[in-house]
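Once you scroll down, you'll see the structures, which are given as structure tokens.
Both complexes below contain chain A, partnered by chain B and then by chain C.
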Partner chain A sequence: MSGYVSTRGFRRAASIWRLIGARLDHLAGGVFILPAVVVILGFSIFPLVASLYVSLSRLSFSEGGVDLKFVGLDNYAKLVTGIDHVHFLGLAGPLTPVGFVVLAAGYGLLAFALYRYVRGHNRTAGGLVGRLFAAGVAGFLLWLVVSTVLTSGRPGTLVVTIIYVAVDVSVQVLLGLGLALLVVQQLPGRRFFRVVFLLPMMITPVGVAYLFRMLTDTDKGPLYPLWAHFGLTDVSWVTNPWGARGAVMIGDIWQWTPFIFIVLLAALETLPHELVEAAVVDGATRWQVFWRIRLPLILPAASTVVLIRLIEGFKIVDLPNVLTNGGPGTATESLTLHAYTIWRALDIGGSAAVAYMLLITVTFIGVCYVNLFRRRVTAMA
Partner chain B sequence: MSRQLAKALVLALAAVIIAACTSGTPNTSSNNKFSGVTVRVLTFTGPQIAEPLQRRGPEFERLTGAKIAVITVPFSDLYQKLLTDFATKTNSYDATVFDPQWMGDYVPSGYLEDLDSRIQGDSALQWNDIAPFFRDFSATFKGKIYTIPLDGDFQMVYYRTDLLQKDGLQPPQTWDDYISIAQHFQGKDLNGDGKADYGSCLAMKRSAQSYWMYSSIASAFIQSQGTKQGAFFDTNNMQPLYNNPAAAKGLGIYKTLSKLGPPDQLNNDVGDSRGLFVTGRCALSLDWGDIGPLAVDKTQSKVIDKVGAVILPGSKQVLDRSTMQLTDCNSTLCPNATNGVNHSPFAAFGGWSGAINHAASDKVKDAAYAFLSYMSQPAQSSVDVTIGKTGFNPYRTSHFTNMGPWLASGMSQQAAQNYLGAIKDSLNNPNMVLDMRIPQTSFYQQTAQDTALAQFLAGELSVDQTMAQITAQWNKKTDEIGRQSQLDAYKASLSVTK
Partner chain C sequence: MALTRRRHRSVSTTTIGVPTMLASYVLLFAWAFVVLFPLYWLAVTSLKTPLDVNDGPFYIPWRDFQPNLDNWRYIFVDLGPDTFRPYINTVVVGLTSTAITLILGSMAAYGLVRMRYRVSIGAIASFVAGAALAVVVIVAQVPWQVGAVAGFALFLLLLNTVARRVKRGFGNDDIAFWMISQRMLPPVAVVIPIYIFFQQLALLDTWGALIIAYVASHLPIVVWLMRDYFQSIPIELEESAAIDGASPYRIFRTIVLPLSIPGLVATFLFVLVFAWNEYLIALFLTSANAQTLPLTVAAQNATRGPQWWYMSVLILIMIGPVIAMAIALERFIARGLLVGAVKG
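This part shows the complex of A and B:
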């Protein structure tokens, strides 16, 4: 009798333990992931939320220290409609014929893309809403660029940053791809050039900025003999808004083309030779091999590296800060430099508001890029 | 024998007591008094200002045992670096050599140490030898002393005596004179190297120390009734004085001068314009007192004994505050005018000054004070103000009367008298313009004024737009902080009591 009881008790205990074990197994995933979640919350989400609060506040000095006073959306209002709106958004001028044509072409393309989506088989209500929103924001940004750049107005820090990103990333992709295609050929000295082309990326951006500051100085510096030969010593191109922006863009392109180059080179070197050889045997020209075989196969890698450069490009600060101090005037000031300039005067609320506007812009462009371009390219590949 | 021994003991005891009594002041002669103490001093990236601190640091360590660690940041970062360090209670810096204009932010918040008692007990500092302006304005806030002056700052005009003499020209008395001399020499070879040189070299770089140059020009038209009138705000309602015909006149001159200099003048800071002037490439320059000693520095100067200095040029027309129009000078409008010319010498910046972090430990505070005192004492400072690369300019009475160090630095008697005379003219002028010293001065000048001026020079803003932008930004900040409290602070800085 007693043996029966003890076996029953043992079985009951075993089933309880099994139950506890099953519950622990069920919770194990959560328990193991908890430290990572806590770290992410602590180091990423908390600063994001804290800086959002800062962007809604104003720093004020008080007896014994400083206080943060809640001011609602005042810092954002200053940027969009208040005393800083020209600095941030720029000054719109009356539309010129060229501006009108560009604007019409841009809006036509947006309308065509929407029309194609509506007529397509994969349309959904959510997709349509998202695309309408994206088209609306893109339309506004296009108007902003055209009305401040192609008119008598002047661009603000938002447009200047968009111009930096658009021009820099486009040229970097073209140059990086060209160099990668050259180096992938079985040419003598390719290993040497592979290293040389990478060097600019290894230099600190501040060093690059100082280097270009010397190079653009027409009155002294290493290129002085060249400027003197052409009689340009009395011309300073960094005191002209577009000359200064050009100098910043050349510096950025010089520094970051190697990044695109090394990723695309790796992508080109891993392509299967059989495909190219088969195409050549079938009589394909070099251009056809590139356009029909190589390019589609490296597009996923290329689209990824472009996404990384897009995000990084929006954060440009070293070059305009050291090369021109954001000048002449505010001509070369990027969004990050704008935030930094305000922060230096301890207007940390205004600075956080600019940083949030940058975050919103980068997120919008990044999400649009991934959804409308990169996914399609990856799916095609 | 025993009596002699007793006498000797009494004498020794007396000596010990006397030594103990006299060591109450932070005198720097006792070896290893601060052994093991490190004082972290924050200032701006040199060579100016940081250089003398770095050079004198090891000297001071040998004398007292305290190690001086000089940390430097760019000028445009100094204000926020200090403030964030204080406000977050990080307290990475025990002392700072900084712009005394920022006391308006640092003192009410309790970040700086009150130095009153230390200074009273420090005979070696010779406090009363420091010129009253620097003692009472640069070092004092609401009646208490928070800084030790290490530098005296006035902006002046420098000219090439050889060039002006050769062409029969007089040093500029008005800004119109300045422009006509600059135009006369622009494009001519001024140093015999076969290259075209410049009529005037000014610092006009953004996010640097250029915005004071505009205030030096405009003040001649804005302030004429004496220091208490103020050159930045109306002392009745805190309305900015940078939006009227006088400010517009100043902007016009500023723009003209941007074209009478090197092609990349918009990217030149004071270091660049000084370098150009002492290498003989400019006929005129507007600067603090630094060019005087730099001009006799044999390692770089090509204009030794060819440089003269004068008080800032003035104007025969000033702003009539009742009509807010530019009006010809008369005895009522310009009571301090000389030969009908109103001069408004600008005490720009107020002179680099040393202060101590209130949160530092007592031992470190003592060592920091002793170091700042050592830097300012006549034995050290009378030499440092004669060295161009220190960035320190005369601020003690003895600096003006003791000609020995000036002659030893290579300056001729005549050049020294001319240079010191220009500073004395500025210092003694009853219409001296005091720099802004109100809460968040840094935003008013370093951000709002500096950005608008850079945009104006780049052609992004017209004269009217520049004045409107500065006024709107200043008014917005004044209203954010509180118009009445800002007005009170501004009036207090000018010692206006009514």
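This part shows the complex of A and C:
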């Protein structure tokens, strides 16, 4: 008797489980995606919004909590026009002839690009407004870079970060593409080179920073004979602003060239052999094969890695912090490091404001890159 | 030599002349030297005494100087616990956060590839309104529980009234773009509220805080790479399993995941390296107990000045595991990355 009852209970439990199972199957879409959505909402979007509020207030830690006082745009004003503007934007010097030429050439190019768009066939009102805005911001950034770098002035963290990204990414693309083209030839031993070339990417940036501190030591470093030959042994890279920035950039290039190399190599290897073969049969030179066939076909992959490196490059912090400690002065500070140093000085609102300026810069450059360059490239392929 | 040449000719489409080949090898070895020499210098320095380091550059052990293991002994024996604690922290945080990220990320990626989503703009708007109310209530010094409940109530209220009338919405691609674009976010822009949040929960300087922060910041990579990988898997197997009555979870676990092992390995390696090397978030969220290796290494400078001989040992043991894994799994990396980059 009791056995009968318990079986029925068991059966009912089983059917409930089956019901729950069927219901769960029905909800599978939500179950698959919701955890990720919740994590991103909770730990990216919510902090991002909160950060915006922090950047508009003065925050201090008190016992068991935080005190927030809304101050409007004060933190931003401090960065752009106030006491921190030399740190953030830099100190503009009088324009030199070289600076004038560069500026004129840059503005000429911007005007020409706009003119071509206006004369083109597929222009839209939105596209024109967006391009005018982009050209305005780009013009301002160009002026900022030229007036602080090519003069007696000194660049602020915004300019330094832009220089890091621009120099690093261009050199990395050139080196990475060159290496990929070398390795893609079916030379014996290429697996060895593939593995070796990959290594720097895996190394902790903090380790890279120390490595390059050792290597750039002109007195005890391995390149001592070279420095001694030129009589530079008592010159220190890290006390000269451009030397220190150079060391940071060399470290970053050393570390991230492999990333571009490995993706471009893989892209080159997946190209159909027949295309290159047919071109060679038709008498194309290596040069033509590269410019007319290989390069256009790997451009979509290349445009994606460049986008990734652009975005990641703006986050640079470990290298300058460890390699040069941001110095001499604030010469090598990137925007992230800038935000961290203000945070350490307990100006938390100001730190959030710098972080937001970085976010705005990255977004601006990323959106421009995608809309003006990458979309065209991927549409072609 | 002749044999290799012949085999190589059959593979390649363009024959390579001897001058080109020589030039290629010169360039290849030059860059290999650029890559390997710093690592060699690290290894050599770790075997030097302070005197050897300070007396100028010595290049070759036994010839220029007498190598010894004193630095290794110092780091492992004398400094024992101070070395092992950050090491264990790094291993635990790295592996746990990578595993969680990989599970959550590949689930989301699979959902985005094989299921259809439609999030109406109305629902998003009501969520934003609810969140805004919650923030306003919390900022007005009301206990956060009240704010959370009020926000959630407003969200439900709007969802069931206004939001139902809005027809337009976002599909899978929009959601995928939204998730992947989170990678654009500089960590420094979100780390301050996260710091305050963990401070309130008394989670600062613990494994949990780091793991949660790392999962959030690395999810976009997993979604991005795995989504492209899942797209390259033929759907027929999954369809026939579904006809046989297998649940979506079972299909995912027993068919899709085993088929995606190359992609999973590449993604795992990637995320693990990111977590292993992460610096900024750890800098904000940890101080002593949960400190990870990059912080320990970076801190050497501040506390003792650059003692290159010890630093080299520390850096070597820090980068050793990731380098070993990179060498072992090199094949997977290019493949896993390429899928993402070409379609991305």
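Heads up, the rule we're going with is that the second predicted complex is superposed on the first by the 323 of 381 C-alpha atoms of A that agree within 3 Å, B and C clash if a C-alpha of one lies under 4 Å from a C-alpha of the other, contacts with A are read in each partner's own complex, and residues count from 1 in each chain.
The criterion applied here is as follows: a contact is a pair of C-beta atoms (placed from the backbone, for glycine too) under 8 Å apart; a residue touches a chain by one contact, two chains touch by 3 or more.
As the structure is a computational prediction, the values presented were derived from the model and not from experiment.
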Exercise. When the two structures are overlaid on chain A, which partner does A:Tyr107 contact: first (chain B), second (chain C), both, or neither?
Worked result: neither
Exercise. Who wins on chain A residues touched, chain B or chain C?
Worked result: C
For this session: Scan A:Val66 for contacts with chain B and chain C and give back first, second, both or neither.
Result: both
Problem set entry | Which superposed partner A:Trp143 touches (first chain B, second chain C, both, neither) | neither
Exercise. Is A:Tyr53 touching the first partner chain B, the second partner chain C, both, or neither of them?
Worked result: second
Exercise. Which partner does A:Val362 reach: the first (chain B), the second (chain C), both, or neither?
Worked result: second
Exercise. Now for A:Gly329: first (chain B), second (chain C), both, or neither, which partner does it touch?
Worked result: first
Exercise. What is the contact status of A:Phe290 with respect to chain B (first) and chain C (second): first, second, both, or neither?
Worked result: neither
Exercise. Where does A:Trp343 make contact in the superposed view: on chain B (first), on chain C (second), on both, or on neither?
Worked result: both
Seminar exercise, completed: Both chain B and chain C touch chain A at residues 61, 65-66, 219, 325, 343
Seminar exercise, completed: In the complex, the residues of chain A that touch chain B are 58, 60-66, 78, 82-83, 87, 154, 217-219, 233-236, 238-239, 241, 324-331, 341-347
For this session: Enumerate the contact residues on chain A facing chain C in the complex.
Result: 21, 24-25, 28-29, 31-33, 35-37, 39-40, 42-44, 46-51, 53-54, 61, 65-66, 68, 175, 178-179, 182-183, 185-188, 192-207, 209-215, 219-225, 254, 262-263, 265-267, 270, 273, 276-277, 280, 286, 289, 300-301, 304-305, 308, 311, 314-315, 317-318, 321-322, 325, 335-336, 339-340, 343, 348, 351-352, 354-356, 358-359, 362-363, 366
Exercise. Quick one: in the complex, what on chain B touches chain A?
Worked result: 76-77, 79-80, 83-84, 87, 105, 108-110, 196, 205-208, 262-267, 439-440, 442-443, 446-447, 451, 454-461, 469, 472-473, 476, 480-481
Exercise. Which residues of chain C touch chain A in the complex?
Worked result: 4, 8, 11-14, 16, 20-21, 24-25, 27-28, 31-32, 34-39, 41-42, 45, 53-54, 56-57, 59, 104-105, 107-108, 110-112, 115-117, 131, 135, 139, 175, 179, 182-194, 196-197, 199-200, 212-213, 215-217, 219-220, 223, 247-249, 252, 273, 276-277, 279-280, 283-284, 293-295, 297-298, 301, 306, 308, 311, 315, 318-319, 322-323, 325-327, 330, 333-335, 337-338, 340-342, 344
